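Here is the structure we will look at, set down as structure tokens.
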Amino acid sequence: MSANAIELRDVHKSFGKTKIINGVSLAIGKGERHAIIGPNGAGKSTLYNLISGRYEVSSGNILLNGEDITGLRPFEINRKGLSRSFQVTNIFHNMSVYENVRCAVLWAAGYRYSFWHRVGGLRDVQQRAEEVMEKIGLARRRNVLAGTLTYAEQRALEIGITIAGGANVILLDEPTAGMSRSETARAIELVRSVTEGRTLIMVEHDMGVVFGLADRISVLVYGEIIASGTQEEIQANTAVQEAYLGAAHKELADA
Amino acid sequence: MRYEPLNLGRWIVWGAMALVFIVVPLAFSGGFALTMLIQMGTLIIFALSYNMLLGQGGMLSFGHAVYSGLGAYLAVHTLNLIGKGAFPFPVTLLPLIGGFAGLLFGVLFGYVTTRRAGTTFALISLGIGEMVFACVLMFPGFFGGEAGVSTNRVVGQPFLGITYGPAIQVYYLVATWCFLSIVAMFALTQTPLGRMANAVRDNPERAEFVGYDTQKVRFLQLVLASFFAGVSGALSCINFEIVSSENVSALRSAGVLMATYIGGVPFFLGPILGAIVFIFFAVALSGFTKAWLLYLGLFFVTVVLYAPGGIVSILLMQIPVLRAGRLRELLWPYALAAGAALIAMVGLIGIVEMVYRLSEQGASTVLNVFGMSFDARTTAPWIGFALILAAGIVALRFASRLVGARWGAIQQDLLARQP
Amino acid sequence: MEFFLVQTLNGISYGLLLFMLSSGLTLVFSLMGVLNFAHASFYMLGAYFAYQVSVKIGFWPALVIAPLLVGAVGMLVERFGLRKVHKYGHVAELLFTFGLAYLIEEAVHLVWGRLAVEYRVPPELDGPLFQIMGSQYPIYRGFMMLVSVAMLVSIWLALTRTRVGLVIQAGLTHPQTVEALGHNVPRVFMLVFGGGAALAGLAGVIGGNAFVTDPGMAAAVGPIIFVIVVVGGMGSLAGAFIASLLIGCMQTFAVSLDWSLGGISVAQAAPVLPYLLMVLLLIFRPTGLMGTREG
């Protein structure tokens, strides 16, 4: 029985006296596409920050592929095969698209802190970066300064940086936030193709995206998981309907 | 980014730079010019190493003179050992000793300083600088106290007949090391470490999330930078034949910071240009007036306020305008602004020099300038210079508005023409 | 025993002076996000202005006039300098204040010369306050402590009890909201910065005659203040308080003790001690005594 990709065991997180995450336990299997939904302020971003090491847990354990990663620093977790994107685009604004992607490739390609390799001559890095840029559809914009890209392009680059290192567990934080319908459709396709064969955890508000992509869904309300299961199970769950779907109930029923 | 087609261009650029290094003392001959060139060469290395921290790594340091100074101290003692015949080491390679010392202390202090970033890092670097300065004064046995340690560079075996006695030989030594350092430091920007240093500068959080320990990146960047700082320290030792507490002082650290910033932090060439301007300013001006440090400070603050990208940024901004053939429209407004600035400066210099005359014990109160003399104790010159300063400021505001308007119009046209 | 008592009192009065300076620095940093490198320069200006005023008029007027003058300088600096560089980022802001510190030092050189000036303790305050066993404790030191404590208490009251104080506290984290509510945030910033400068100036008025008033005084005390801020934890007033007293006492004792180690007397090593403390702290507790996160 292979280990789960991600496992949270009774995770708590407080900032001072404010409890944000209140005993979350979750298991996500390898290759699964899992969505986390919930009202604003439920603690979804905090949960991400805990998993990726940006914040420290107040108590509880987080396991990655069976290994305890509680308390490790972000770069250590990243090196173990977990990568995340950000809700607010977090790219290297002063570098070109190509350079952005290349930064994400360097460590995984094994070059570490080398100051004796000429980065322009590294064929493997170049090739990998080209592949990623092709996948995210920015190959023709490779020399454009990342800060001057359009919003949707920046979101695509965001995803590109996240997957470039070849991580097996990918966390996407609202990948389609702020996108139009057509942009969202393209983003869904992009996410589907780049996470082929990998484990995907996704925070999303757009139910269309969630139901289109996710195998299983968890609902986070006030720092607790109140339901976890397939699309049908979630739609039928009365607690979820009460707590979350008041106005969005109609959207769920129609989806 | 450089791609393969530019390969030939790369050789031409470096070749041209080497040529400049070789030829420049022939164009500017004479002892005074040579002194300036040697100091420029040394400061170029120092400033470039400083920019490895600030421009490339995003680390603002107020104590970079620690590495160059300690490198100079090790170099001076080595030089004295060579002179006594106790250490057969070629003087030509002395900068390696300086670099080694810089590297050593880079590792030692870097471990402590790179644990924090941003403003805290800046303050810690200041603290380390003060600490080293105080230590230098505390151990006169090794550091020679305030008087320092002096030496003779014409020692050891001559290298191909070169003894480094005449200044021209010192110049070519400095020029060679300077050229090699420029090449090396530029090459470093094209390595994985160099690229990730940029990434850490721009977005340390993201850099962590692509697998890099930002602290380690900064640490390594600092260690490499301190090597080159040590090299420049050793060259300074060879040139001046004395090393004292001034080499590790806060003033030295401030100087390299100013030189780098004035040149332009975001650009690789910035520190090179900044070092040249700074030495020119310092050496030429210090002969004319005792208030040159004040003028330097004013210039620096002006750059911080109005040209945060340094002189290089101003020059680069002109290029698209030049390419569109519209630079000549700006020539008149620029000339007007320069003239207004000149008037303001005359007023300011007059006032400053007169204040200086009054406050300095034992100096005459008469200011001799432009062939005229003014007594600082009378009121007439004060009013006169104050009026000139005021007139200059008013003219400058008008002129800068003119420049701004013309510039805006040209920029709009250029934008409209873009596909 | 009496030596210990006297030196402790001296250490505390010096520590309180250091806290006057570091608290002003911390407040401006917390409120405006700007670390004012020229803070110690305002201290120096306070001492020099007080010297000029006390020579022409008297010490007591100087106590009021000098800080106000320095505060005015601070407001001008904020209005015409700091506000401009704000948009260029933190590095530019810090470098601007750094350039300013440099300029102020050179200007002081220019106007008052390179030697120390004779800024004296006024005769009313010169003399012993009380006797502890055989040693006398000077009135002026007591006066210094009094002024420091009074100043700190009034700042605390102003911040927590007045309307302006609340606006400042709010503007700390949500300047746009505060502005949307109708408060003139830029003006508030100007007042805060000027206020910080005036406080540093006041410290200069009372410190300049207790210690020495010369162009190097800013460069002498400035780095110590920064060490205090780093050791205490960036942005923490409580940490700055502890660190100030710690370093104040440490320096006072070090200079007056007769011990030596390996040929170096403690008094000789005194200048290095605060920095050693900082280095040690950085190795074992990088966020400072009370700091939590990066400012």
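Order of writing sets the labels: A, B and C. Residues in every chain begin at 1.
We take it that contacts are C-beta pairs under 8 Å (C-beta built on N, C-alpha and C of every residue); 3 or more make two chains touch, one makes a residue touch a chain.
All of these numbers come straight from a predicted model, not from anything done at the bench.
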Exercise. Which one of the chains is closest to the middle, using the mean of its C-alpha atoms?
Worked result: B
Exercise. Among the chains, which has its CA centre at the largest distance from chain B's?
Worked result: A
Exercise. What is the distance, in whole Å, between the centres of chain B and chain C, each centre taken as the mean of its C-alpha atoms?
Worked result: 31
Exercise. Taking each chain's centre as its mean C-alpha position, how far apart are chain A and chain B in Å?
Worked result: 45
Seminar exercise, completed: Cα centre of chain A to Cα centre of chain C, whole Å, reads 47
For this session: Enumerate the residues of chain B that touch no fewer than two other chains.
Result: none
Problem set entry | Residue ranges of chain A in contact with chain B within the complex | 52, 54, 73-75, 78-79, 83-84, 86, 90-96, 98-99, 102-104, 106-108, 111-120, 143, 161, 164-165
Problem set entry | For the chain B and chain C complex, residues of the former touching the latter | 54, 60, 62, 112-113, 115-120, 122-124, 126-128, 130-131, 134-135, 138-139, 250, 254, 257-258, 261, 291, 293-294, 297-298, 300-301, 304-305, 308, 352, 355-356, 359-361
Exercise. Okay, in this complex, where on chain C does chain B touch?
Worked result: 35, 81, 84-85, 88, 90-92, 94-96, 98-100, 102-103, 106-107, 109-113, 115, 219, 223, 226-227, 229-230, 234, 264, 268-269, 271-272, 274-276, 278-279, 282-283, 286, 294-295
Exercise. What does chain B use to touch chain A in their complex?
Worked result: 1-2, 187-188, 190-196, 198-199, 202-203, 205-214, 216-217, 220, 224
